[in-house]
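Take this structure first; my questions come after.
Chain nomenclature is as follows: A, B, C and D, assigned in order of appearance, with residue numbering initiated at 1 for each chain independently.
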Amino acid sequence: MIAILYLILACVILLLQFIMRKHRSVSMLGVLHPVISLGITVYLIGTPAQWNASSFFLIDHLSLFIMLITSIIFAAAAIYAVGYIDGLVKSGDLERRSLRIFYFGFSLLLAVTTMAIFTPNIALFWICAELTTVLSALLIAILALRATIDASLKYIFICSTSMLFSFIGIIFLFEAVRNKTGAGSLEWTDIMRQAAGLETGMVWIAFVFFFIGFAAKSGIVPFHTWLPEAHAKAPSAVSAVLSGAILNIGMYGIIRMTGIMKDTAVFAQVSVLLLIFAMITMGVACLSMLRQKKLKPLIAFSSIENMGFILLGIGIGSPVSLFWVLFHMMGHSCIKAGLFFSAGILHRQYKLPTRTGEDEIGDLFLLQPFAAGTLMAGFAALMGMPLFPLFLSKVGILLSSTAISVWIPALVLVLFACAAVALIRFYLPIMAARFPSGEGPVPYTAPLSMKLPIVILLLLSLMIGTVMIPGEEAFLTAAVIDCGFGGQI
Amino acid sequence: MILTEMAPAWIRICLILTLVSGGFLLSSRNLRNLVRTYQVQSFLLVLIALGLTALEQNMVLLLVAALTLISKVCGIPYCIGFIQKRMSLKQDLTFSYLRPPGALMLSILIILLVYICFARILESLYEANSLFFLGSVIGVSLVLMGLIAVCTRKMAISKVLGYLSMENGVLAFGLFVTELPFFIEFVVIIDLIILVLLTSIMTVGIDSSIEEYKDRMQEFHLWSEEGGIS
Amino acid sequence: MSELFLFIVLLYALSGAIPLCIRKKRIWSLSLGILGGGGILLTLFPLQYLLYSHPVETLLWFQWVTFPIVIGIDRLSAAFCFLLGIISLAAALYSPGYLDRMHGSRRTFVVAGFIPLFLLSMLLVILSKTTIAFLAFWEIMAILSFFLVLTEFEEEKTRYAALFYLAMTQLSTVFVFLGILLLFVHTGSWAYPVALPLSDPYMAASFLCLFLGIAIKTGVIPFHKWLPHAHPAAPSPVSALMSGMMISTALYALFRVVTGFFVMDLVYGFLILAFGCLTAVLGVMYALKEQDIKSLLAYSSIDNTGIILVGTGLWAVFSAYGLSVPALMALIGAIFHTISHGFFKGLLFLTAGSVCQAAHTRNIDELGGILVRMPLTGGLFFIGVLSITSIPPFSGFVGEFLILQSLISGLSEPSPLLQIIIIVVLSLFSLTGSLTVTTFVKAFGLTFLALPRSEGATRSHEVPWPMYAGPGVLAIMSAVLGIFSNQILYHAGYRDLLPDFFVLFLVLLVTMVLVYAAVWSFASRKTRITRTWDCGMMAPSSRMEYTGSGFTEPVVRFFSGVYRTRIWSTRKFLDQNQCLFQSGTGGIHLMKFFEEYLYLPVARRIDLFAAAVSSLQNGNVDRYVLCVFCTVLLLILILGWSA
Amino acid sequence: MNGESVIFGVLNIAFVLLISPFFMMVIKRVKARVQCRTGPHLLQGYYNLAKLFTKETLYSEYAGFISRIAPYATLSILLVAALQIPLFWIPGEELITANILVFLYLLVAGRLLIALLGLDTASTFGGMGSSREMSLSAVFEPVTVIVCAALVYVMGSFSIHEIFRTAHAMFPVFSPTVFLLSVPLFILIIVETGRVPVDNPETHLELTMVHEGMLLDTSGRNLALFELSQAVKQTLLMTILINVVFPVGIALDLSIPACILGAVLFVVKGTILCVIIGFFESAYAKMRLFQIPNFFMIAFFFSILTIFIEVIL
């Protein structure tokens, strides 16, 4: 019954945040919540016996892996937020009154995400996903600026309207299971067991509608339009959480549903659909990156591109590609969160977004050498430099994609090259820009709490990229089997 | 008794009426009767729920009908009406992409398209001419019409109303699956409450110009005065 | 042997890590000292593999996450390790002096830290025995060299060069990655494949991908445009490493692919030959017209790549025809020329670097009279010139001699097609040789001899001793490699391919001494220093000298077909309907054919396409929801249609 | 490297040094006689050299070590080249590698040094001379390589000693290929030594001088060395033509009478060739610099024709 601890922890933290008066203690609580949930997750990973203790939680390798990523990102974001939010409050961007709402929303978002990952019931999963949308919209609009409210409204409208379609998909799935076995069920595991005999028409409709909603959640192209603006306008701690954790929830849903579809007769059509969407996503994301003038939208588009790449891995559907999809998710979340944190430091330094909308960045290496260095390291990681994990997953997924057709890896590699050129084309001018002497902004010294998570995340991604942690391969293989992709690696 | 064999015909009429209310939602310009059409639509859903309870003698549907009645027919419209009064905005005249007549034409086309496609996909259900099939067609097309409303209306409040009619579409579809409706109802209610709360606060900001925004916010004593612009 | 290898790798990594971590003043002289030690060890380490035929030995094996990384050494990689060792020794000696004079303190630590890591990545590319290891270290090499090119990021030119360089290396990585994927799909294992037939379309595609990837990296003509921008933009020790070593590493990969991976047949042989000739001739022609000394050297690297490609192409063609001796001669010539090119190109770039740093300019027309002011650097540059223009006893001659000899002895094959091709290749090849001589007479003559043409050149003075000790090592190597080439090949197991140049060198020395002694004893010894003959009018000033463009004007006139010129003029008028002419400017400049007709149009088209795609993101929420609506409708249609 | 080849080396170099000024004077004498002038005394070449060796040498104040080393280096390079080309006696074993490609590149080395000398004195004439010299040689070298290829292809070996030996063995049979080879070899002499159609050796007019321009600032013993190396180069190239086209009388073994006979016959053949060169020079006016590549095309065409005929026959 360890999983219950998550909920108890959440309630306790939320309660305490109501009572505490001082800002310092509220932020400490904000940090405590994800760190303890990370501890619980690691403990759970260590003791497989505890897993099926209660039927109320679905704990298996896949959900624990996603929970591990989520809690790492939330912990890093919370530590980062301690310094970042102070900066916002001192510079007057964030009113003292809405601080409490921020931390409350932050902890609630973590609680709801944990619930989403561990619920066995699809409908409950859908509600939690919907709640994450609402809560992250609240966090995006926390700065109470017209632009931030506009961005979060877009986020709400696009995501929740698409999520309604996925609820219709769930209803169709329920109906299909009911036709086959008389009593419909909403449990992931039951549906997976019944998947073989389900009626093809009903299952195909169910998947398509389900896919629409969760494509919006994870930023797949036709539904991605909210992502660049939401991530650009949100405070950096929030956009790191959005990119690192919430997108993974969308992908988690798609992985589970594709796992169910794996045994049905419809899987060929499903994988073609996923491949088409993946290629379009990567295409649009890479090409729009070439045109980006500002830092955070650029990083947001690279998240869309990586989500497209993950969708490609899922679409291929072989156990090897799933193994590398999970690996890619881990690597991408760490690097992307690190990038958003260093972007946050630059935002605090240069007071972005400025009135004119253009980024005015200058004397980069004089004012913020640390942030500039980590930004470049992050860009190198995104470009797939070998010591970082994205290179390995690029090799793994493209290798398994050659089974379908040789043109896919060719096109994907060209798109990755475009993305790399776009990143550097953005970085070079700001690297050399100079403010006329005397006019430059006052140097902003980022507190240690903002620098620490960046270093931790970069080192973590380096460790993932270079060395294979002892149990990691077995754990990931088991996760691949859990989500129904079975077969030999 | 008479109720049971009359019920399927009764349900089909109500379903068609919900479609009509969706159409009204698209075309009405005045914010007040936008809310009123939403109330009518929710009420029709309550009637369908009652019809279904008569057909399948399942008490859960009664509970669903009651819940819908409380929340959708009275609760949320009252809340939106309250906000509208404060915003003193009556007309929503500006449209993007599609003017109301165009939107109506498109929605008819959509209903036809959904009908044909679902007929091809779910042949087995189509032959059985089951209520579930009709419910699914009506539900999906109502959701799509709601989406058109969200897409064509400029004002955020009317977008929220479009979204609410989409919720109704999902609920209409959900009613026809016996074991599921309570769960759906519960789901939809929670979601609606939170969503409406959040969006209405924000829409107050969006629709009114920036100066009033500050004092309007004060009025709701939610945020203090000096929101500095970075 | 693997302990020694691990120790060398440790030395390189250490000398890379120290300056990056410790920021003490002049820490880099210690770290580069360690690099020098590592270099010396690295030169001794492969000798045993080179001289006696040693079986392939795996030095290192470990599992990288799930992919096998195997590091091993055989005869071919031993030769390139030897080159890398010498060049790292030269760079280690040269760099401290250069870094002292470089402004920007933090930047020098980055350069001092990245140079050993760059060398280490090249070493691992040469020694990797699995395709995944090759790809990984290839990409690390590319990224590290990008950062090194980017050191002086203030100037706009350097940033443009760095971006151009990154785009082309990314493109090259795409091709290499694809080639390796196709290889794995066919062979099913990451080990280096042996003798795959090229008849199977997958294998042909894989070969073409690998060839294109390497061609971009070595600067084969259609893909060369980044090289003359990137190499000069980097600091001199780095451009020496890039031109000397990185091109050799890419060519090593070419040898590995052409001789090891695949069984070449005629068509691919002619393909490589065609690329080789095109690159050789056009490379040297562009080198001729270049005014900036470092891009002149960069273009001449392209030209030497062309020569090596001709050698490799000949090997493929002759082995397809069954002429084993000429084929072996061509291949040995190509490999020998790659190694010697590594030496003398490194030498030329290092010495040119010290000249540019001393005179604060890179334009030949502003240099001059450097030999009198910097005699040792000038002397070393002269040795580099002697070997690159393939003067007999020096190493540059040996490679070209072997390729020429294999070409001519290939004439004996009766098939007329081969004969025509050999004659065409022969004339193009010798044209390249003669144009190289002209280019380097211009480069040496106008930079080092006669009167200085600018203030900077006049004030230039000799560089501290390590800055010519480094190039000195390379000069000795390029001389020794040429003179003892026959003995080296004899020990490596290839008997009578080469005539004995050691005897030739000895006889040359003896004759020189005898002639000098004869003249010294019999002729009068009276000498007088006067002014150059000036038709009695006035003392010759530096403005009366021949400039770079003047020197090459006849050749540009001969090959006017290749050098397209563009005449442009701008006019300013006083009134609207343009009759009262106010002022105007005009000019003729040599058109950058590839840049204006190949690279820029492609870049512009990609940008336009990107603009069209990114216009979707215009911030209007209705448009976003409309997108969602259309996609849902489309999906419903697909559902209906695919039932 | 045995005794015989050393003797050959000494003999060959001595003979070349001895005979070269004489051949230069024969050509000058023929050209003068064609212009109805008596022309210089046949031994005038030796007197000039003697005079120059005793005169004082002037160095420009801007010149570096190139001006001091170039004269000695050029002459020694050409003397080494002379070792590769037997004039009248082909030894059993080569002293140094007699590969024709090495010979070619030694000529290139000589030309490189003279061109650098031209640039060293910072004078406009030197710059112009070396620019023209390098441009012409850039265009002509492909032709020389093709001629060598044709020679090697016809005679079957890279070593010049073997080429002369096979030419000597093949001599009585008059084959068209040998005749076709003689035309490009003759053009080779004209171009390499800077004879009239390509460049005028006598003039000091900066418009026409190419080779002379580079040596403008040399004087005294340096000028003597350059004159000597110029003469040696001409003799070597003439020897290739003579010993390939008309190899009668070459001694094949070390016997005093055969060598003396060979030497005498060589001098006669050389004089006849010089007369032909003299007449050829007087028959043509100097071509414009940019027309010269067409002149080279003739040599290129002939050598390619030789290869094709050899294939067809």
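In this text, contacts are C-beta pairs under 8 Å (C-beta built on N, C-alpha and C of every residue); 3 or more make two chains touch, one makes a residue touch a chain.
As the structure is a prediction and not an experimental result, all values here were calculated from the model.
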Sort the other chains by how far their Cα centres are from that of subunit A and give me the top one. D
Go ahead and note the Å separation of the Cα centroids belonging to subunit A and subunit C. 43
Taking each chain's centre as its mean C-alpha position, how far apart are subunit B and subunit C in Å? 69
Counting in whole Å, what is the centre-to-centre distance of subunit A and subunit B, each centre being its mean C-alpha position? 31
Roughly how many whole angstrom separate the Cα centroids of subunit B and subunit D? 102
Where subunit A touches two or more other chains, by residue: 150, 153, 157, 161, 165, 201, 204-205
So subunit B residues touching two or more other chains come to 118, 121, 123, 140, 147, 150
Tell me, which residues of subunit D touch at least two other chains? none
Can you work out from the touch definition every pair of chains that touches here? A-B, A-C, B-C, C-D
Under the definition above, what is the set of subunit C residues touching subunit B in their complex? 620, 622, 625-626, 628-629, 632-633, 636-637, 639-640, 643
Which stretch or stretches of subunit B touch subunit C in the complex? 96-97, 110, 113-114, 116-118, 120-121, 123, 140, 144, 147-148, 150-152, 154
Given the complex with subunit D, which residues does subunit C contribute to the contact? 369, 371-372, 375, 378-379, 386, 389-392, 397, 401, 404-405, 407-409, 411-412, 414, 416, 419, 423, 426-431, 433-435, 437-438, 441-442, 444-446, 448-451, 499-501, 503-504, 507-508, 511-512, 514-516, 519, 522-524, 526-534, 540, 542, 544-546, 550-555, 557-558
Listed in rising order, the residues of subunit C that touch subunit A in the complex are 63-67, 106, 132, 135-137, 139-140, 143, 146, 150, 153-154, 156, 159, 162-163, 166-167, 170-171, 173-174, 177-178, 181-182, 184-185, 202, 205, 606-607, 609-611, 613-614, 616-617, 619, 621, 623-625, 627-628, 630-632, 635, 638-639, 642-643
Help me check something: in the complex, which residues belonging to subunit B touch subunit A? 118, 121-124, 132, 136, 139-140, 143, 146-147, 150, 156, 159, 163, 166-167, 169-170, 173-174, 177, 179-180, 183-184, 187, 190-191, 194-195, 198-199, 202-203, 205-206, 210, 213, 217, 223-224, 226-230
